[in-house]
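The data blocks that follow each hold one structure.
Both complexes shown next keep chain A, but they swap its partner, so chain B is in the first and chain C is in the second.
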Partner chain A sequence: MEVVKEQKSKNLWQHAWGTLLSDKFAVTSMAIVTIYFLVAIFSSLGFIAADWTKEIGPSYAPPSADYIFGLDIFGRSVLAKTLKGTEVAMSVGLVTGIISMIIGVTLGGIAGYFGGKIDEVIVWFYTTFNSIPYIMLLVAITFILGKGILAVYLALGLTSWVNLCRLIRGEVIRHKDREYVQAAAAIGGGDFRKLFLHILPNVMHIVIINFSLQFQTAIKSEVILSYLGLGVQGQPSWGTMINDAKLELARGNWWQLAAATLAMFIVVLAFNTLGDALRDALDPKLKGK
Partner chain B sequence: MKKTLLLTIVTTLLFGISCTKKDVSNERTLNLTVSSKVKGMDPIYSNDRYSSNEVARVFEGLLEYHYLKRPYTLVPNLAEDMPTVSKDGLTYTFKIKKGVLFHDDPAFPNGKGRELVADDFVYSIKRLADPKLQGLGWWLLDGKIKGLNEWRSKYAELDAVDYNEEVDGLKATDRYTLEFKLTKPFPQFLYSLAMPFTFAVAKEVVTKYGQELLNHPVGTGPFILPRFEQSNKITYTRNKNFREKKYPCEASEELKVKGLLEDCGKKLPLVDKIVVNILIEDQPRWLNFQKGKVDFVAVPKDNFDTAIPDAKNLSPEFKAKGFELLISPSLDVTYTAFNHDLELFKKNKALRQAMSLAFNINDANKLFYNNTALPAQSVIPPGIAGYIENFESPYRGTGKAADLAKAKELLAKAGYPNGKGLPEITYDCPASTVSRQIGEYFRKQMAQIGVNIKVIQNPWPELQKKITNRTVQTYGIAWGADYPDAENFLQLLYGPNRAPGANGSGYDNAEFNRLFKTASVMQNSPERTALYEKLYRIAAEEVPWIYGVHRQSYTLKHAWLKNFVSTDFEAGRASYLNVDLKQKAEAKKKL
Partner chain C sequence: MNIYTYIMRRLLYVIPVLLGVCAIVFVLFNLVSPDPTLIMLGKHASVKQMAELRAELGLDRPMLEQYFDIVKSAFTFDFGRSWTTKQEISEMIKAGAIPSLTVTLPAFVFSTILSIAISLLVAFYRGKAIDKVVVFACVALMSISSLAYILFGQYVFAFKLGLFEISGYDAGFPYFIPYVLLPILIIVIISVGPDVRFYRTVVLDEVYQDYVRTARAKGLGEKKILFKHVLKNALIPIITFVVIRIPFLILGALLIESFFSIPGLGGITLNAINSSDFPVIRAMTVLSAVAYIIFTVITDVLYTLVDPRVRLS
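Now for the complex of A and B:
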């Protein structure tokens, strides 16, 4: 958030931060999300769950003191797989969020600010784009890139920016004739400056709220895709774990399903709670209610 | 207003449901499953077990396997008799059954199916050879029928293929006489006439539907499918004009028991309807079977321990429900093939051997086959000549430390010590959970020696396409016998058979090709078996694939399903099966 330089905005952020901290649920959610992020970072650096491929016991050993979440078909630790799956889930959430944020904010800002023909073209473009289901796009992308996490990033990122784009466009239209923008124009600010340095910081709260909600949608989508065998390949994902579990349940092995769903449930819940809390804290219209 | 609307919808729904729920208790319906999407119903493209079984319900060939005789014996189907063979073994003359009718279809004048004639076989086999259609069974006849190869290559370059041009070795000498002339003795020739690839299609039907024949099968077979759709259910109805074909009255000794001859002399098919459910995953298949919605099912690996606790007998609980267990070895081999188009594998035998040694087959057997399969040492399964009892391949990985050490040594010899310098290798497999798990297991095994594998899942038709187009590096698949002769397995490694032929891996070895070429034209004899064994040893030494296992099939069936026998050649079986409706109604109460 380094674009936020003005004194006034800083106060807004500080104020929001204060509101957020006074909300117990929000703080807990933030803590959970932070933990997930840390797990993801550490596992990608190889500090934890690096040996998830290792066979540490008999096939399908049930949960016990030795194996907290039990073992899978190859005797691999379900706990390690869950942790490694966190890395996939969080990275998909993050990258998808960033892709959709960049496209959504840029196009939304341009459409709202310039209006006219440009606006029409962009609106046409996103309504068209919005009609593509992400699974279809994913299948198309995998034909070019092959299956894998990159295709998942792109497919989810490219299909999830439209909502944000709409919101930003509307918000920019409301802002572009306000006094502070006219003042900026009066002291010689160009279009780019007005849009990105003056208007954008004032609509940033929408981006943040949207990002946190986008994040958990992406996680859920990744799980679904991996469950269907369209997602990540050769890497543990909560989706593939649930896919394994659908056979294992016939043997009475519940632990892989439990671990994956629990991990997903907690993070999705945390992001949802956080998203709501952010909205409460950041949206000026909800202030004092 | 809204409420009324909703109410009308609900009533129509209810009404609709009650309407479709006809009283069907008198209809004998066979409920089957297939574990993969079916590609389509054109005989010349039916190169996998799933589609060829479906094709064989609608279409028929000259010959078939006797339903109740083991070892497998060919008997006439659309042919009147077994052919007369000339002394030099090169000319086969068939008499075709008279009065066999194609299914009624708009493709024929007045919509009435016309009589099958010898020309239909000439046409159908030419279709298999048609260079424009790229039929997937061409390998079967490649170079074997006089003049057919010339006909094929002549039209490969021309725009249109002329089916009227006579081919020397493939002639209808009169309305019901069909004559084949072979280029060289080809003892497996008759087997190929029992395979769906050579089944009879009518020219009118192909002219009318063209490529769409895949979805409009019209044959002479016991069942009719007006239109094939890529849905999860295929429903066939009995062909009312089916010719007089009787259930056999004789059987091999081992099949004389179990009441298999009760329907002796009855007119086939014995059921009125077949419903084939496409259920790709194990558990839905298994649960549907237990609910009595499917007549028989292969026991899934994850339910094996509960169903068959001692690996021999059915659990008492299932016995009480009236399930019956059939165990039989299958003529098949599972394997992981290398794409020999790639220099990486083609040139580097040591790499292939290293990877094979690193693959622990015993654990795979435990994990995926409940330890009931037989680890494969080479390409030929037990039960047919050419298989060597107690032979152990030196490159068969068994999980011993010595194997791993040797694998590492070979990998270094191949130029990739500890996998250094080796690119990531992709492994393509079908989309089901078990296939993926096998892929993951492969990846894990290869990681032990530093070989990186990336597992890619594909829908079955797409995997086939990828193999045909050679865009795979390694892939996991299995081969089930088309006919009971080792030649059918060895040809998978015969160089000239490369994809789109049956040799999907593209393996090409001059010595192997030479020996195979000799053996493939020999009549069954000790000399031929010796050659087969030699080829078996070469295939073990050369490791063109990483061999998997020879499976055993564990099939559970309901007691109401009659006449069911395990077979490696399922094509056409459905017409012999019967359902005891009374027994079914009673048994279903218990489920």
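Now for the complex of A and C:
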């Protein structure tokens, strides 16, 4: 008799990882995102761009071999400011993503799982919340919290969970009566165990895809908040750089705007591409579209 | 469920949502926001001055009364007066609506038509090189900050090349046209990326349906399938997407209007934000929320009329 060796089949995550690695756009995007994270970490530790405040040449020196991205009004290196700005951008993306993930998954999970009155209340709450224009909520929250990076985190995090909440709710409703959840109930699993240990891991792909897209939206929104004068203070961010450029452009000084736009473009493009690749890899229904 | 009961229920649902919106606005601007009298009078104001101003602005009235004022304003559109300009807010809104619409409406129409045309084209060539190039171009367009589009657009096309007016506005047709051309162009460029991506997915969702296979099996040409069968079915999500965006046209384009000095609602809102003019911010929030709620109901009702499957679920 032949002994059939048991072959371990790949699970969804291994499969998805394989798909991602075979997609060269996805790999490039992941590399770019990693580099940006490293720059952000190194700049916050003071290894990179720590001397961004230093005057290194004449005011508004254009880009040249000495100053790659030129200098700003105080003769500071635009390159150093752009690198330092990575810190704000990446932290805003990360913290905002985490806040909206926590609220969205918790509320969406509870609404979908328990249904009934609880569901009605949560659906009412996000419908209401969603009816108010995003920009007005942002403004109101920064008014209350005062200016600064903490206000930016909270304002963006608190206004961006509705979409995820809605998706998770729908997905949990579809999952809650499946056999594996019944099996979990049969062995004595309580509601919260079933929801958080059994159902949520199965809808996690939505969270990941959403996180990637959320990240780039937050980076873009930080720029708008900075333009409205409600953004980060006392530290360079791409938003404040673009805001400064408003007055500089009339004098023909385009490099600060170009540097900030370019830095932002690359990372946002990477997150967009990564989001699409993640969707292809994790959601087989959409494959090939 | 009967269609009329469904529509009735949908209409009644407006009430709790509207009360909720007013509650959020109340909490944000009347309850937890910093004392507006402090902002208006500065740090050195005396307690007496502050109390007088509070009474003048009606901030010393009972909380419940202040909440119901907001609810009432959602129906009567009587938002009181601006704190900075002392103008009647409803008059300011009336004056700002037209300039806003002269920018946002044409931009919306052009970008919608253009995006649907492009998405049908790429759906026709799905999987081919042109499809991939367009999809990538859309993602690239979406990845640039809207502020960069505005700044570069104004600098290059208006300031350097002199093709358009740099900023300003003249009321009345056709005097406003030279001033709105560049803003419209910029809005179209900003919206074409996300729009094409959305419409393309909508069209492709239909392309893989069974009825398309049937149409193909009975020998219909690809063009006929796409324009006759697919487009007709794709219209449902397209209409939803289009209608839901109308309220944002009324609110105006916040950044565009301020950069091009167009005296629309977006500019009014931005000024109010900069001067902490709470009644105006509150009015704009309530106004746009009401518009949003009305148009969501319209979409939902349209949806049930066109697609009977929705009612069943």
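One rule holds for everything that comes next: the second predicted complex is superposed on the first by the 268 of 289 C-alpha atoms of A that agree within 3 Å, B and C clash if a C-alpha of one lies under 4 Å from a C-alpha of the other, contacts with A are read in each partner's own complex, and residues count from 1 in each chain.
Going forward, a contact is a pair of C-beta atoms (placed from the backbone, for glycine too) under 8 Å apart; a residue touches a chain by one contact, two chains touch by 3 or more.
A quick note: this is a predicted structure, and the numbers were derived from the prediction, not measured.
Peer 1: Could you check whether chain B and chain C clash or fit when both are placed on chain A?
Peer 2: Clash.
Peer 1: Touch check for A:220: first (chain B), second (chain C), both, or neither?
Peer 2: Second partner only, chain C.
Peer 1: Where does A:229 make contact in the superposed view: on chain B (first), on chain C (second), on both, or on neither?
Peer 2: A:229: touches chain B and chain C.
Peer 1: Would you check which partner chain A:246 touches, where first means chain B only, second means chain C only, and both and neither mean what they say?
Peer 2: A:246 sits against chain B and chain C alike.
Peer 1: Check whether chain B or chain C contacts more residues of chain A in the superposed model.
Peer 2: Touched residues of chain A are more numerous for C.
Peer 1: So in the superposed three-chain picture, is A:147 touching just chain B, just chain C, both, or none of them (first/second/both/neither)?
Peer 2: First partner only.
Peer 1: After lining up the shared chain so the two structures overlap, which partner does A:53 touch, if you call chain B first and chain C second: first, second, both or neither?
Peer 2: In the superposed model, A:53 contacts chain B only, not chain C.
Peer 1: For A:272, is the partner it touches chain B (first), chain C (second), both, or none of the two (neither)?
Peer 2: So A:272 only meets chain C here.
Peer 1: Mind working out whether A:139 is in touch with chain B, chain C, both or neither, as first, second, both or neither?
Peer 2: After superposing on A, A:139 lies in contact with chain C but is clear of chain B.
Peer 1: Taking 4-12, 40-48, 58-66 or 130-138 from chain C, which overlaps chain B after aligning chain A?
Peer 2: Looking at 4-12, 40-48, 58-66 or 130-138, the stretch of chain C that collides with chain B is 40-48.
Peer 1: From the superposed pair, tell me which chain A residues show up as contacts to chain B and also as contacts to chain C.
Peer 2: Comparing the two interfaces on chain A, one with chain B and one with chain C, the shared residues are 146, 229, 243, 246, 249-250.
Peer 1: Of all residues in chain A, which touch chain B in the complex?
Peer 2: By the definition above, chain A touches chain B via 53, 55, 59, 73-74, 146-148, 229, 233-234, 240, 243-244, 246-251.
Peer 1: Which chain A residues qualify as touching chain C in the complex?
Peer 2: So the residues of chain A in touch with chain C come to 124-125, 127-129, 131-133, 135-137, 139-141, 143-144, 146, 216, 220, 223-224, 227-230, 238, 242-243, 245-246, 249-250, 254, 257, 261, 264-265, 268-269, 272-273, 276, 288-289.
Peer 1: Across the complex, what residues on chain C touch chain A?
Peer 2: Contact set of chain C toward chain A: 16-17, 20-21, 23-25, 28-29, 32-34, 127, 139-140, 142-148, 151-152, 154-155, 159, 201, 204-205, 208, 248, 251, 254-255, 270, 273-274, 276, 281, 284-285, 288-289, 292-293, 296.
Peer 1: Write out the stretch or stretches of chain B touching chain A in their complex.
Peer 2: Per the stated touch rule, the residues are 281-283, 286, 300-303, 305-306, 366-367, 431, 433-434, 436-437, 439-441, 443-444, 447, 453-457.
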